[in-house]
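Chain IDs A, B, C and D follow the sequence of writing; residue 1 opens each chain.
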Amino acid sequence: MAEETHLSATKDIDEKIAWAEINSDVLRSMENPRMGYWLAVVVSICMLMVGVASEVYQYNVGMGPAQLNNPHMWDLYISTFVFWIGMSHSGTLLSAILHLFHADWRKPIYRFAEAMTTFSLMTALVFPIIHLGRVWNMHWVIPYYSDRGIWPNFRSPLVWDAFAITTYLTGSVLFLYIGMIPDLAICRDNAIGWRKRLYTFMSVGWRGDDRQWRNFRKTYLLMACFLIPLAVSVHSIVAADFAMAIMPGWHVTSFPPYFVSGALYSGCAAIITLFVLLRYFFKFEQYMTLPILDKTCKLTFAIAMVWSYLNLIEFASVWYGHDIPAKEVLIAKFTGPYSPFFLGMLFCGSVLPFTLAFEKIRRNPMLLLPISIFLNVGMWLERYMIVAPTLSLAYHPWSWDVMWPGWVEWGIVFGSFGWFGLLFLIFVKVFPSVSMYEVKEMVYHRRRVVYEDAELRAHEYKKGASGASSAAPATEGS
Amino acid sequence: MSKIEFDRRDFLKVMGVSGVAATVAGCDMPSYITSEEGAEEVIPYLSPEEFVIPGVGVHYASTCLQCPATCGIRGRVREGRVLKLEGNPKSALNTGKLCQMGQAGLQTHYNPDRLTKPLVRKDGALAEATWEDALALIEEKTGPSSGLSGGRFAWLTGTISGHQSVLLKAHLESLGSSSHFVHEVINTRVWQAVCQDMLGQSMPRLRIDKAKMVLSFGADFLGTWMSPIHFSADYARFRSGEDRGMLVQAEPSMSLTGANADLWVALRPGTEGVMALGLANVLINKERMDASALPAAALELINQYGVSRTTKMTGIAGDRLIRIARHLKERSPSLVLAGASAAGHVGGYQSVQAAMLLNILLGNIDQTIEASGDFALPQLASVSGGTSDLSRFADAAGAGKLDAVFFDGSNPLFAAPNHLGLTEKFDSIPFKVAFSQFMDETTAHADVVLPMASALEDWGTHVAAYQGGDHEIAFQQPLMEPIYPGTRSFGDMLLALNSMRNPGSYDGLEDYYGYLQSAVGSIPGVLKGEDDEAINVSAWNRILQDGRLQMPVDTRAFTSNLSMDDMDVRDADPAFPYYLVPTPRGTLYDGRHANIPWLQESPDQISKVVWNSWAEIHPVTAAKLAVEEGDVITVTTPDGVLEVPVYIHKGIHVDVVAVPMGQGHEDYGRYARGRGVNPLKILQPGSDAKTGELALYGSRAALAATGRAGRLIKMGNTETQHGRKIVATITAEQQRRNEGDS
Amino acid sequence: MSLVRNFIEDWSRYRRSIDEGGFHEYEHMWGMVIDLDKCTGCNACSVACYAENNLAVVGEDKFENGQGMHWMRIERYWDEPNIGNERVRDTQEHGASFMPMMCQQCNSATCEPVCPVSAAYHTPDGLNAQIYNRCVGSRYCANNCPYRLRYFNFFSYYEDSWPSPLDMQLNPDITVRDKGVMEKCTFCVQRIRSTKNAAKMEDRQVVDGEVQTACQQTCPTSAIVFGDLLDHESDVHKLWHKHQTRLGTTKQKKDNPELRGYRLYEQLNTEPSVTYLERVRDV
Amino acid sequence: MKVEAKTCHEQTHRPLFTWTRMWAVLVLAGLLGGLSLSGSSSAGELMAPPRVHTPPGAADSADEPLGPFPGVVAPEGTYEGKNVEQPIEFPHDLHADTNKINCLYCHTYARRSAVAGIPPTSKCMGCHNVIATDRPRIKKLTEYWEKGESPPWKKVHDLPDYVRFTHERHLKKFLFDNPDMSVERVDEVCALCHGNVKKMTVARKQKPLTMGFCTRCHEANDGPFDCQKCHK
């Protein structure tokens, strides 16, 4: 046991793991779901139903029951949309960016992060659609040939959103899929029944010969390079939704980087949450080791600092600027009716991450679970604090108004979490949530490292040892 | 005649569905939109006039009956539906302009709560009946066979004029009765009495546009006083140019006119006259104005009201008094007006008298107060009402002097204060017939309810009490055919009643329209035809197109008969430290517009409150009561209690609580019922000695916080501009300097 | 080469047309002047607008939620920031400040570029049009309007706003808006349209004063002046120049700073076509 | 599923992997995504049938060619309207074709108003209290007339309520301001949007009257393109 902790304290992964063991572990995680799993599925389906019911009601009655009113034309829908879009960035970060940086500790955890990307995008995509007053005309935002021969307004950030999000969704789905092909092959070889058919189709005849691997690597690298600018652009465009408006508190130049950093931040926090959960429920202690958790936390901490810094920049630029209404909004954020949320956001977003500065906490999953969740609560509040206070306190004092969301709005936001959870639950049982082949690569590298320096020491010993006798080197006889 | 009749009536028919298609929402879900063949019907006219083109609106002139000012209107008629009302440019009174009440005339006409069938009270409850039954019952009770005669019968109406009033008088005479009670809550009776007594003319013309300064004691001439739209146009001229006039308004709580004043003075209610005398005192003793025009009695009365005493009684700083007096002297000609808040007291007559005295002292007579004479045809002239008739009616009813009463255009049971105990007295009257469009408080207590055609479906002539410049008869003509066939024209009813009393009269007239044509035709020198026997159709049509008929103005000069009585200012009762002011507003008026959704949702001009009642109090009072905006307070007078949410602003005297009249209906359709409170109910007894008008502004009240937060629905969430340049203000000097030419 | 030429042409056109609100090819340019000194805040314009434009009465609950529809609203302020507030310290000695607010028909409007489907766009008449049946209800335009003068149909108001026979009053020249549609003041475009139609049928130009907006027509003090800013004989154009208010600027430079004309929030460079004349008080 | 530990390197199976196959899957996914986004029908294009380009003359007798007359490019597109049950089966062919009655004689509002309007019943009776009074349809008409009401005609050419179309302006452009046209040939102008009514008894919708139909014609005849001109 002490050995175990010692290992986990130092090594990303234990080089002694047999590849067969890896396969069996990961594949086991995909089989015979337990009671808890079904419970989780039922719960998320119920949440989803709440959302669907609210949306049906809203579709028939109008946006009124959401308590939207004249100054508050946008509210939870848009802020939650931004939140989910943000979530989606972490996957890309881990799988694409770190892939380029050859940070191989990402390998055991990038798969579910990538899945999270895809699913949160699918969740986010729902919101700009349902927030439309006339949902049945949503496709007018997409340029397509129609009898009327009219086109969307390409100056509008909302149209850019439509492009950006759909592109990004397609991209990340492909990336997720391509990355899975070798693993799907493994599943195929071990599956029977409908799974067999599914994996056979999806693994497109992968048999892992040399040429396939070479092309595979090329494609994967290509996709990674393609995805990174996409990820950055998506959230910059979402930021443009606000930055392009002239409203005080929105019309801020630093919004795009601010949004991107916030996105990565919330994404990483979400990864930590899922990391801990998967590690616990699927017994992935061997792969999702504490050192990796530690590294993820360090990454999160760094991004949190960047985010806080950009926050400060925004405050300063407003404070020292001449835009009086913007200043009023800023002051109101600190003192007005929304101040509890705003201060809460500052606490969760900028103070709480300092706990990640301590290694003890970084390596304590049970502690990290609530922390990471609170980080995300903070990030959700951030988005809400971008939308609501500005609208409640814009240029024209006559229409100043504080408004609290109605039940329909809450219902749909609530349902979106159920939707995400459902997708993710299905994923972990149908697809390997840990990348087997890459973990194998990782293990393989570790072995090489270990054995090579062992041989080196042995060699030096033979050179320097003339007659002198001491304890035989560990490698002797091996 | 009949030819015109036929074509008009056919033209006024509602055409097909083609126009009403607009009511199908334009852009809802795809499924809703009807554009496939055969889905809609389109029904053409039978044989329309040449100028009737579907899809093209035609404008017809008529007269607005939303308030007694009788402005001229023009209705846009399309496919037989009147869509919009505009002011009639031909009318000298409102020159093409209209107020919000006038605009909302449409919703009085199209109101979903209108009465459509006659109702007759059977064993305690009103039940639907046919016109025949209703009229038979009326004949039985008031016909020749009923033996009813003399003062046992009475009419109670609102302000009435023109040929309706002629026919009504004829009906009264046929019964040998002379008791015609004319009831208006918002009236100018006291002002008229004072003018009559001091100048010999009850309605002199007021030239606000000629005045360089207007000092108004609570005369809300932009909102509810006399003829607001006419005065608004004058006001616009008064305000423009290098000699831009100055408006000083002294009143207990801010009216719309007060909101536009250069100087608004919060005055202790009932001391208007004192302030006027104080000003006169300053003008004579400080400004050395020539007072030879004034009688000796008035002079020594004035001398009693030195600055110090005036200040003590009115609560206005002495230097301010002196400054106003100086302005009055410098800016001649000026104009001093006294409105409801001055007249509505026990000593109301004297207050108005004092104001008029000030006019005389300042030499405004024949300058800004012009002789207007009487209306050329006295039988058509406006019988303008007041609240004194209400108390007289209450007394008569209470004394059991009335057997049968007919009501029209007035809602006494809503307006009567509790102390009159009118409801019981009213129910004690054996036979009550209501000619009404709506089921209001009074109608609900009637024995027979006859549904009347709306103002936009009916014929009539009207004469304004206040004539702007040239005198005219305002013509009211139908803008569309009656929505409900069950309703009948008031004129037709009067004809029917008359011929019921003495059959044979008005023979050969098929209806009121015919009567009007012949009656107007008989006005000397109006319808100059080739032969005066036949109606000159073109001349008649011209009148209908103009909607106005010019009458000769008699230029009788003023006869001055100056007198002055001492002020009658009552001291506050310590148990009831506050003054209760039932503010009239140009929105719901005296409550008759509470059933109009547009006006219910149109924010109050001062407080911006909609759909509800509120009590205005000063921040100091609010601090005393420890209430915030929207908290509910109780307003208690010896005659009753109100529970209202407060609106706090500084446009009100510290000792005053103002509750707008108009809400608090128990029964006036879906939009009015059970909404807000009615301040008129809890007013205290007391009336002006001279005219007998109720002292509406003379009540005292005690305030108490209930600790509950009420529902105060306001438009807008700020009272201030937060330093932005939204409404910028400059001084009159700058304006005069730069806009001399205009 | 041609690219350079186009650029130069456009630029010079822009410079020339800056007085007409920048680079636009206008037939007309409808503008307004509102004299805040004449405005008595009587609300007639607001009700006239309800009558003319099929505005829904939403009822007290929805009004309380801020879901009311008043294209023309009269705002009332108690303070006087630019001449100091000592006159309103204990009583409102100057009365109230009324502000009639309707869509300012900005020439570089903030609502237009953000509409995803171009339902909000600028017409050759210089109006901010709102095409109801094109609107998808993203509400971005309303968020981006600094004057907060766009109103959204949060419900199917038409279902209970006009119980029969009130619906017979509805104006057939305007769509009755349904839920999910943004709407706003149009300067009574249906009146403009029909007047232009009449003029075209007679092959002539629209003359000044021929088009009257509902609010202008009913205003008891004639505080509202409406007309074509391109027509240099029109009253509205004369008033703009009398008060030295110009389009195409974010700050009015006047030889005589005491002239009363100003546009609301023009520092935001929204180019409103509505000029307000300052309120006057005799102190 | 049954798990037995193997690694993919020890696998042997059919060599079927091809990049084409892989990309096919990807393209498929992309298509699905795209389709799922572009929604179904909507208010804007509800009455849009498949746009058909029919050169004049290629259609059935009911809209047989009325040669494109000078100064006007005829709008494209056809539509098969259903037969509408009218209170009286009014024979357009008899009036307009056989008896050569000008369209504007009855639909007289077309040149004075936005709507063409159904002629007032008095106009029908103007002739028919003497002509063909014995025919059943005329009998029916006379009944209506004597009851003092008009027949409740069904609207055949209807536009959504947010569309404003003025007959007068179109007539002005195509007929009165068109030097090559004379009022006698007005039926050709009407036929641009109403099909060849002369060949029908009860009018049938012959043209789609969709926004595309309008805009294409506006494009061809340089009509206005300002949305607000036609949308109210």
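We adopt the following convention: a contact is a pair of C-beta atoms (placed from the backbone, for glycine too) under 8 Å apart; a residue touches a chain by one contact, two chains touch by 3 or more.
Keep in mind the model is a prediction, meaning the values are calculated, not measured.
Visitor: Hey, which pair has more contacts between C-betas, C-D or B-D?
Guide: The comparison resolves to B-D.
Visitor: From the centre of chain A, which other chain's Cα mean sits the farthest off?
Guide: B
Visitor: Using the average of all C-alpha atoms in each chain as its centre, how far is it in Å between chain C and chain D?
Guide: Here the centre of chain D sits 36 Å away from the centre of chain C.
Visitor: Can you check how far apart chain B and chain D are, centre to centre, with Cα atoms defining each centre and the answer in Å?
Guide: Taking the average C-alpha coordinate of chain B and of chain D, the gap between them is 54 Å.
Visitor: When the C-alpha atoms of chain A and chain D are each averaged to a single point, how far apart are the two points in Å?
Guide: 52
Visitor: Could you please state the distance in Å, as a whole number, between where the Cα atoms of chain A are centred and where those of chain B are centred?
Guide: Taking the average C-alpha coordinate of chain A and of chain B, the gap between them is 69 Å.
Visitor: Please output the residue numbers of chain D that touch at least 2 other chains, ranges allowed.
Guide: 42-44, 114, 160-162, 232
Visitor: For chain B, what residues touch not just one other chain but two or more?
Guide: 21-22, 24-30, 716, 718, 720-721, 723-724, 726
Visitor: Could you tell me which residues belong to chain C and also touch two or more other chains?
Guide: Residues 68, 73, 75, 99, 121, 132-135, 156, 173-176, 179, 181, 265 of chain C each touch two or more of the other chains.
Visitor: Considering only which chains touch which, how would you classify the arrangement: line, ring, star, complete or other?
Guide: complete
Visitor: Taking the complex as given, what residues does chain D use to touch chain B?
Guide: The touching residues are 41-43, 46-47, 81-82, 84-85, 109, 112-115, 117-122, 145, 148-162, 204-205, 232.
Visitor: Can you list the residues on chain A that touch chain D in the complex?
Guide: 18-21, 23-24, 27-28, 30-31, 134, 136-140, 142, 144, 146-149, 166, 169-170, 173-174, 177, 182, 185-186, 189-193, 195, 202, 204-209, 212, 215, 437, 440
Visitor: Tell me, which parts of chain C touch chain D in their complex?
Guide: Going by the criterion above, the answer is residues 121, 123-125, 127, 129, 131-134, 173-176, 189-190, 193, 197, 200-201.
Visitor: Which bits of chain C are touching chain B when the two form their complex?
Guide: So the residues of chain C in touch with chain B come to 36-38, 40-44, 46-48, 50-52, 54, 57-60, 63-64, 68, 70, 73-83, 88, 90-99, 132-133, 135, 156, 158, 161-179, 181, 214, 217-223, 242, 256, 258-260, 262, 264-265, 276, 278-283.
Visitor: With touch defined as at the start, can you tell me which chain B residues reach chain A in the complex?
Guide: 27, 29-30, 716-718, 720-724, 726
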